[in-house]
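Consider the two complexes below, in which chain A is the common component and chain B and chain C are the respective partners.
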Partner chain A sequence: MKMITRKVYPKPEVCMACRLCEVYCVVAHSKSQDILKAFKREKSRPMPRLHVEEKGPMSFALGCRHCDEPLCVYSCLTGAITRDPVTGIVAVDTDKCVGCWTCVIACPYGAISPDMNRKKASKCDLCFHLETPACVANCPNEALVCVAINEN
Partner chain B sequence: MWRSMRTDYLIIGNSAGGIGAVEAIRQIDREGLITIISDEPYPVYSRPLISEHLAGEMDLVGMLYRSDDFYTVNKVQTIFGKEVVCLDIAAGEVELADTEKISYQKLLLSTGGNPIFPPMDGSDKRGVFTFTTLDNAKEIAEMVKEGSRKAVVIGGGLIGISVTDALKKLGVNVIIVELMGRILSAVLDEEASRMAREVVEAADVEFRTGHTVKTIVGDDGIVSGVILDDGEEIECDLVIVAIGVVPRIDLVKDTDIKVNRGILVDRHMATSNPDVYACGDVAESYDFIYEDDRVVPIWPNAHIGGRIAGYNMAGKEAEYHGGTAMNSLKYFGLSIVSAGMVNPMRDIECEVLSQRDDGRYQKFVLQNGKLVGMVLVRDIEKAGIYFGLMRDGVDVSDFKDSLLSEEFGIISLPENILRKRLDLPDLSKLSAVTVREEIEVVVDEG
Partner chain C sequence: MKTYLPAKFIVERDEARCIQCQVCVRQCSFETHYYDPEDDEVCSREHNCVGCHRCMLFCPTNAITIRENPRDYRQNFNWRPEVIEDIKKQAETGSILLTGMGNDKEYPVYWDHLLLNAAQVSNPSIDPLREPMELTTFIGRKPERVELDPVTMDLKTILAPQVELALPVMFSAMSYGAVSLNVQESLARAATAAGVMWNTGEGGFHRSLQKYADNTIVQVASGRFGVHPEYLDAARIVEIKIGQGAKPGIGGHLPGEKVSEDVAMTRMIPQGSDAISPAPQHDIYSIEDLAQLVYAIKEATNYTKPVSVKIAAVHNAAAIASGMVRAGADMIVLDGLRGSTGAAPKVIRDNVGIPIELALAAVDTRLREEGIRNRASLVVAGGIRRSTDVLKAVILGADAVYIATSALVALGCTTCQQCPTGKCAWGICTTDPILTKRINPEIGAERLTNLLRGWSLEIKDMLGGMGINALESVRGNRLHLRGVHLTDTELEVLGVRQAGN
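Let's look at the complex of A and B:
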């Protein structure tokens, strides 16, 4: 099966834990798409969909791995999370999500966050509305890599 | 007069497990005939959402687990609203109630559970319900519309709390009668159970713990109250029996398929008969925490078990990793997650790590260095990382002190697991990777 997709990988050896990836992820999924408006004006600001973890000298930013065998998809109680058979993207249909958080328990990466304000599961959508995922494009140290994959 | 038809794959039960099987079968076999039978008249809906339906927050369309063209896209013949009355293993066929016979090559029993209904005087009165199907939710909603305002819910487990949540939203007064000393005792430890009780009580729900309903009373066959085992009389116009479910094994009773509490299945989800599979609430399958076969009636296990069954039915060998109890509760505004062995059994030596502050609570149960149980109240973001350690049977001895830390994360895990979780590609194998400009990398899988 032909598969065209992208994947985002962290590069722990160059991550400085500046968290700009989180900031720009929020902007990219905000209403205004504007950093100041998103953080200062928007009432219900989205959550960052990837998270920087830091311990001693080590740090990295981690989001959804868009697994081939996605436990979140299999665990979803409502059918809101699906994996596109063509692109391999694991996505949440927020109309169908009821915020039961079963996916939050199922994901071993901790990559799905419970957005308690919206009562919806929040996860990386690989920014297909942008040329390059916002986290990757705005990392000052090239600590996130976007790989376009074209499998034949 | 018997009518008969044949199918390659016969699935009895149109819920999480049956659908998982259909999807897996169709990945392997695009053409084989799939037939799915259900005694419910609806396309597959999310059973856990029946409380939302009762509360009037969601209609059937909103509850659909798969899009409405699911059966046509996957070329599945559906027989809905009909009951299978007999299973003839030797002949490889089932009989439907309307004198129809269906022969199969491979059979999946995903019949789910039956609600437990203990004997009570007066239980045949109008106003007495169980709560496991959409029709139950519809009937109760109808009663509320007709004016029912006082309910007694028998059972303070997951089903009881979910129906109570819905009834409160409809303005119905609820008293929960629970035989055990505390609510949610099967899925929570004492501390979390107390915290749950506090929020439910704050919503004006009363409890009678340590008691049971002996008699349902009422004139003209209509419920007007219940009498408890201590003689207390409670006035009500609705009684919801929400004690739990037991595997719905009636079909295999007169066959030689091996049954314990549920239908016994191996790691391929096959029963003692190689052409017959089972999954979900009806099956007794591998539990990776108890390292034994158990009935674990939760939605994700049913779906995953169904997938594994489907692959094997279609001829692709697949192994069930196992499941374990795993629940997320969000009723009455409190988030609680529990998984595995939350109440360690007395004869097993366990170490318990826990902390409570400010309405938050964390508890981890360790056995032989492995995480075997957890309860999280309020902060549940990292539940998946912990549960992943349980699923993978990771020895957490070296970093167990970090489990309770606010800084706990993937980064706290030992190097070998950390690398696996980061899913780092071997970048040297990808010919060109840049950061700011995407360059297409062709991964040759051949």
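Let's look at the complex of A and C:
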């Protein structure tokens, strides 16, 4: 059985809002992939592509849901955001993104952030360059789970 | 009033490694770390640090080191820093010094003076990887003698209710309210997976945990919180708690602010009201009174489950234990000097009770001498740290042990003794809904199950080395122990011979 895609789900009941997912998301999308270099030396440090939402005891890491009806894709002025018809992955083509932030406004979950340094929309890419998404692999309380979605 | 108390710990932050991610700021429930946006710098209020090491463990770049602050007063054996600071604290507050965990003073740990035997030449040792080893333990009253039907060879004697344990280790009482529900769920799941028991403490039996009832001991303590017919019916063992090793003779007090809606419902008391467990059980002023409660519970549960009685190990433990057995207890629990608690007066924790090793040996000896040892299982608690302590306890005469601190340490506890503050940064001894999320019951159950598995493998290894394939064969067989660095009197009380003899 071949994995078509994967999805990351938060478990709010055990998320303790430490925000290590955000830290490791930055590392995973940095040039060096090294935590000290990424934060200390790299000039254009990427933004975390997921954010911990917090209100009282409720907290969870919010990333892109890769919706079946992606409002960001529909709203994108330049066609930079597309949804892969096979895998369902919603991705930003940074060459085409003009930083108009229409997707940021359109996303009902607030899962897309404006990266002001690069003038590009920043969102979860599910870390396909890693065996497990960095946020999931580094969550100390297993409050993020990665589910593989296979053929059939 | 200006405090004269120095910071107990130093927080060292390696600026070359700190990435200002503020994980430490969010993890510290004592507000030791804070972020200064003006200088884009994480700083510390060292006075607040309790040395729990949560920040150190969670810092993604290992930028933090927590060190004890060397309070180098002029050296004085009598006026040590702890003594000086206790006096200052009381001079500033005028109150009882409250603390958590167990006695941390330098009383002898007898486990560390007892050495195990091994088989050499005259009898063969056993390899537990190749041969079956038996750790199964049955808790409950054993018959005086066993009668078999001469023809069918079936058992004719009617046995008292027995509870089977896969290994002689159970989780000691920790109530919902003292620890969080997630901690209790971790314990309940691990007990179920490992085939042992966990204990509700006296905070009632939360409805979400009722599915683990087959591995649950429920407590009837002086506050009688949460005791109702279904509570008694659900449990495998009902335990009457007379005393606790950390605070013999002292009751309990769960402050109203910890009595949340859920805690209140489980304890069957009004929300926000102080849950006060009186020092004594007001209907038990004698062994005869105890017998009444033991039999009331047996009647209520139709003689289907063992009834346990737990006391703190005190000076006359042996005589009291004899009375407990005669009062009908099927299991007696001794909680020793090093037993832990969520909150106790420091002077009580550090000065009342006797070491569990001595109490265990004395009680086992006394019950044997009186010919009533079979009538009750003997369980010891208070400071069991590793598998060797378990095996040594069994050899001294215990049927099983209770562990609580070891279990909490497995969940992350670093014994920082801040339990009474309710701010446990590890999310264990707290009911704060933000902090309790720090224990994920799935991870907790796995960690506890792993601990029990590790101990069980080690006990099998040690037994194999002794040439014994069943724990039952060493129970109370004190010839398998030898003492070192002990006085003649200590050896006599322990019933153990001097090493070399």
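Here, the second predicted complex is superposed on the first by the 148 of 152 C-alpha atoms of A that agree within 3 Å, B and C clash if a C-alpha of one lies under 4 Å from a C-alpha of the other, contacts with A are read in each partner's own complex, and residues count from 1 in each chain.
The working rule: contacts are C-beta pairs under 8 Å (C-beta built on N, C-alpha and C of every residue); 3 or more make two chains touch, one makes a residue touch a chain.
Bear in mind that the values here come from a model prediction, so they are computed numbers and not experimental data.
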{"item": "First, second, both or neither for A:Thr5, with chain B first and chain C second", "value": "neither"}
{"item": "Partner chain in contact with A:Glu142 - chain B first, chain C second, else both or neither", "value": "both"}
{"item": "Comparison of chain B and chain C by chain A residues contacted", "value": "B"}
{"item": "Partner chain in contact with A:Ile35 - chain B first, chain C second, else both or neither", "value": "second"}
{"item": "Chain B versus chain C as contact partner of A:Arg65, first or second or both or neither", "value": "first"}
{"item": "Touching partner for A:Thr94 - first (chain B), second (chain C), both, neither", "value": "neither"}
{"item": "Touching partner for A:Cys15 - first (chain B), second (chain C), both, neither", "value": "second"}
{"item": "Which of chain B and chain C A:Pro57 touches, first, second, both or neither", "value": "second"}
{"item": "Common ground on chain A, meaning residues reached by chain C in one complex and by chain B in the other", "value": "59, 142"}
{"item": "Residue ranges of chain C touching chain A (in the complex, touch as defined)", "value": "16-17, 19-23, 26-27, 58, 60-61, 427, 433-434, 437-438, 440, 442-443"}
{"item": "Contact footprint of chain C on chain A as seen in their complex", "value": "13-20, 22-24, 35-36, 39-40, 56-57, 59, 138, 140-143"}
{"item": "Contacting residues of chain B [partner chain A, same complex]", "value": "20, 46, 48-49, 52, 62-66, 299-300, 303-304, 307, 326, 328, 330, 335, 337, 339, 380-385, 387-388, 391-392, 407, 409-412, 421-425, 427, 430, 433, 435-445"}
{"item": "Chain B-facing residues of chain A, complex", "value": "6-7, 9-10, 12, 51, 53-55, 58-60, 62, 65, 71, 74-75, 77-79, 96, 98-102, 104-114, 116, 131-132, 136-137, 139, 142, 144-152"}
